[in-house]
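In what follows, chain A forms one complex with chain B and a second complex with chain C.
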Partner chain A sequence: MFVELNNLLNTTPDRAEQGKLTLLCDAKTDGSFLVHHFLSFYLKANCKVCFVALFQSFSHYNIVGQKLGVNLTVARERGQLVFLEGLKSAVDVFFQTQEEPHPLQFLREANAGNLKPLFEFVREALKPVDGGEARWTYPVLLVDDLSVLLSLGMGAVAVLDFIHYCRATVCWELKGNMVILVHDSGDVEDEENDILLNGVSHQSHLILRAEGLATGFCRDVHGQLRILWRRPSQPTAQRDQSLTYQYKIQDKSVSFFAKGMSPAVL
Partner chain B sequence: VTLSEGARAGTGRELGMLDSLLSLGGLVLLRDSVEWEGRSLLKALVKKSALCGEQVHILGCEVSEEEFREGFDSNINNRLVYHDFFRDPLNWSKTEEALPGGPLGALRAICKRTDPGPVTIALDSLSWLLLHLPCTTLCQALHAVSHQDSCPGDSSPVGKVSVLGLLHEELHGPGPVGALSSLAQTEVTLGGTKGQASAHILCRRPRQRPTDQTQWFSILPDFSLDLQEGPSVESQPCSDPHIPPVDPTTHLTFNLHLSKKEREARDSLILPFQFSSEKQQALLRPRPGQATSHIFYEPDAYDDLDQEDPDDDLDI
Partner chain C sequence: MAAVATCGSASPGSAVATASKSNVTSFQRRGPRASGTNDSGPRLVSIAGTRPSVRNGQLLVSTGLPALDQLLGGGLAIGTVLLIEEDKYNIYSPLLFKCFLAEGIVNGHTLLVASAKEDPANILQELPAPLLDDNSKKEFDEDVYNHKTPESNIKMKIAWRYQLLPKMEQIGPVSSRFGHYYDASKRIPQELIEASNWHGFFLPEKISSTLKVEPWSLTPGYIKLLQFIQNIIYEEGFDGSNPQKKQRNVLRIGIQNLGSPLWGDDICCAENGSNSHSLTKFLYVLRGLLRTSLSACIITMPTHLIQNKAIIARVTNLSDIVIGLESFIGSERETNPLYKDYHGLIHIRQIPRLNNLICDESDVKDLAFKLKRKLFTIECITKLRSYGLRSQKYFLSRHSQRKCSVKKNPYFKEPHTLKKIY
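Coming up: the complex of A and B.
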């Protein structure tokens, strides 16, 4: 986890808010550093994490996680992390016996209407274990990333329904958190992705948007991060706050600074 | 409110436009965006209806009942009936708890009510309904609900029905939004600048010209509306008045202007391809004294002045 980002968001693993949906989106740049941040953040907060990883392999996240101080293999063995490796299990759909619906069952079906099997997988993974002792603080669902589901043939409304049901279960019923990554296609005319992005935006409490610089690639400033807080539980006199910072990604950390205040420039 | 009344009144009447949204009845469309969310305004209007003694039904598809009721005190909460379509709207849990007929069924059931008092229905949100139901079905249902007093065959007097619909503008194309807009008696579009929210209100009263007005407001923690004059002048972005705008044409090394004589000469110039009758005649009749043209040729030292045609020996 990146300590500077925690400071910007005014949160630490010990006192994070619960029941919140955070949307990560990236436009013209790679926002996956935010996914690694939240993965290590919630593992350090001793949460039960269900990670629907459709974009990269387990070893990729593990390698980056080790740089950030978490070991995903150990977390998985302990039962703290439930990892759905999309790339590997997509193949299992075709070679597994049909006992129960596979989370990625929609890959098999010609007219898959909904993502109910995936939702049931998430619900099963995060449901509180009967037996009394609460080992983990609260459940967290992490998805990287949602645009992949659109590419695999699901409609935007079906994916929004999946997020709705996850929100009802994880955020409301279990008082946990959700972190979702959606790519922003930008200029490209992708109506389904726009509907998905806007639909999840309206449901989220916090939006972190990583954008490439308008002037192009730069060695010292990798991009710009816009932070938008929405849906406060009580309406405050000052409306939704929005902050913008620029950042530079280093090997084990990310440094943030105000616009135009990169150390390389000063 | 007639037009002349509205014109005579000053800020007092204008400030009341947001307040009087519900008194008109019919469909009120609240259009919000990601940056300027509209649920707080929806809750403020719901609170207003409840305080007026109306019964308020909420079709909740996007937030949980707890979250919607949060911030309301108990006397308001007692007047709210929350129809829960948040927990399991698509019946994935396959239990018997699902409300029959879905959201539209619930909507129609509200309208078949027996008591004649005024009722307010809050749709949270209309966007959810529009994404999950065909647009035509939804529009027909909304039309039937909001025009209930003109329904034939209904002998019992039915009170005024107000429908507040929260619509997330970015989620839909211009077609469905236009259809809902034409059904609505009032449209409120949320926006704002720099932390100050505004509502652009477009009111269509029957037999009157539509009126529109922009109202700055904020919502207090107890969901009451606080109407405001607008953002303070200092916070508005404007150019610094102390620095005069610079004229870039003042110190140039070349001349950009024409003198009067030059301008006259330019205006009287005839363009080469502009045909006037004089020019046409001059071209058709060669001028007297103009000899036929000659070609004068001075041969170079190396020129071969052989008069024979070099192609003569070709036997084609």
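Coming up: the complex of A and C.
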């Protein structure tokens, strides 16, 4: 996790809020550093994490996680991390017939089905173990990323249903957190993606939006991060708090600074 | 040199994983991990034509163009997809495609060529010839002899130092350098093609058999191609799961004109086709196959024909490296004096961040390519407009540091304080 980002968000692994949905969104840049941040953050907070990793392989997250101080292999063996590797599972589903319903069963279907098997998988992974012993603080669902589901043939409504079911189970019933990454297609007219993005942003409590600079590529400033706190349940009479920072990604950390205050410029 | 392992205990099919707590660099094999076998102890095994990346130790192969390798941060990582957005009349993208395949032949990699338009055997006949300097040319002649005769103890006359190196598990390739230059005007020697191991997938041949699989929402051509690729990977042991085969080679996959109507896909014809998810599903499953095997893939795609722009964005997100070619033929840039020396622009649209938070993005964004008689080169062009002198343009070539006036414009007097440098 990035300590500077924790300061900006005013959280630490010990006293993070529960029952929140965080939306990570990236436009014209790569926002995956936020996913790595939250993954290591919640693993350090001793939470039970279910990671639906549709975008990259397990070893990628593991190697970056080791740079940030968490070991995913150990966490998986201990039972703290339930990892669904999308790329590997897709190959399994595609080439071999599965007996029991697989979370990525929809890949075999011709019509746009629903994501019920995936939701069952998440619920199964995060349900509290009956035994009385509470090893983990609260469950967390991490999805990287949701736009891949659209590319794989699901409709935007089906994905929104899935998010709704997960939110009801994880955030409300189990008092856990959810972190979701959605790509913002920007000026490309991707209607399904826009529906999905709007739908999830209306339900979320915290939106982190990583944007590329409007002026183009810069070596010293990799992009701009907008943080928006929302209260979806309360009326919008109160103004939502919003902050904007620029950032530069380094090998093991990300440094944040106010707009125009990059160390390269000063 | 790619042929020699750089570190005694390293196996090159690995990525450096620095454990921050214990401060020990532990090399972990990225990708093919046979479930049963455990690597006991260090092995001095290297795969010809590959080298570990400087940044994170990832295994890289050359794309066939050393200039492109440099722009991509060293080369194409094993397990990734290189997507080339074709230029408008499909003149230059086949050349990049063929350079990639030729590099595979020269390095002794296995090839898998898939096309719906041309027979893969014909594609292989048209590969460009590698430009080998004299020393390695004699080495190549020697190696061809070694390949044909079964005795492996022929004393090397020219490259005798290679005899002193420990015996590799792999038969020596034609050249052990990383990245070669290719002569676009000559054809690759026939012996090289015959000595190489290649598989072809020609869609009209494969699709004639009746389809026995259930109707998924993928076009039958894509399903067949995925099954073919998966079959080759499993049969030849590129993913380490086949207990009989222990493969120490790289599989280079080349797919030509993916997404064109010849593959049975209609995204180039209609805006909201019946199976608009076919191509993206294909790319996802293909990437899943590549991530778990020692293979690298090049795909050329006519994205300028795709009607629905959202699909292009999705395809870009699902690929690892995306390069766009824009040729000047037929556009108004052909007569623009700026681009007089060049044949087109090359855009590097996306570079992946693999096993890392950052990637090796090059600072140079204005890149142009030209196909001279022999070579395909990529150069940086920067146009500097001067103030005060009306519309006189200066060109800054990549290697020269001083401002120079390249084009002699007869209507303006050249300032005599400037030097002319080509």
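Keep this in mind: the second predicted complex is superposed on the first by the 253 of 266 C-alpha atoms of A that agree within 3 Å, B and C clash if a C-alpha of one lies under 4 Å from a C-alpha of the other, contacts with A are read in each partner's own complex, and residues count from 1 in each chain.
The criterion applied here is as follows: a residue touches a chain if its C-beta (ideal position, glycine included) is under 8 Å from a C-beta of that chain, and two chains touch if they have at least 3 such contacts.
Given the structure is predicted, the values throughout are model-derived calculations rather than measurements.
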### Fit or clash - chain C, chain B, common chain A
fit
### Task
Considering only touches as defined above, state whether A:G199 meets chain B (first), chain C (second), both or neither.
first
### Message
Contact-wise, after the overlay, does A:A168 reach chain B, chain C, both or neither (first, second, both, neither)?
### Response
first
### Query
So, does A:A90 touch the first partner chain B, the second partner chain C, both, or neither?
second
#### Entry: chain A as apex of chain B and chain C, Cα-centre angle in degrees (nearest 10)
100
### Message
Is A:L107 touching anything from chain B or chain C once the two structures are fitted on A? First, second, both or neither.
### Response
second
### Message
Tell me which touches more residues of chain A here: chain C or chain B.
### Response
C
### Message
According to the stated criteria, A:F119 is in contact with first (chain B), second (chain C), both, or neither; which is it?
### Response
first
### Task
Return first, second, both or neither, reflecting whether A:I207 touches chain B, chain C, both chains, or no partner chain.
first
### Message
Just checking: does A:K48 make contact with chain B only, chain C only, both, or neither of them? Give me first, second, both or neither.
### Response
neither
### Shortest CA-CA distance between chain B and chain C [superposed frame, angstrom]
15
### Query
Hey, which residues of chain C end up touching chain A in the complex?
15, 17-21, 28, 30-31, 56, 214-217, 226-227, 230, 277, 280-281, 284-285, 287-289, 291-292, 309-310, 312-314, 317-318, 353-358, 361, 363, 365
### Message
Taking the touch rule as given, give the residues of chain A at its contact with chain C in the complex, in rising order.
### Response
30, 32-33, 36, 56-57, 59-60, 62-64, 66-69, 71, 86-88, 90-91, 94-95, 107-111, 147-148, 150-153, 183, 185, 188-193, 216-217, 219, 249-252, 254
#### Entry: In the complex with chain A, residue positions of chain B that touch it
34-37, 39-40, 62, 64, 66-67, 70-71, 86-90, 92, 127, 131-132, 168, 170-171, 192, 195-197, 218-221, 223
### Task
Would you mind writing out the residues of chain A in touch with chain B in their complex?
114, 116, 119, 157, 160-161, 164-165, 168, 172, 194-195, 198-199, 201-203, 207, 228, 230-231, 233-242
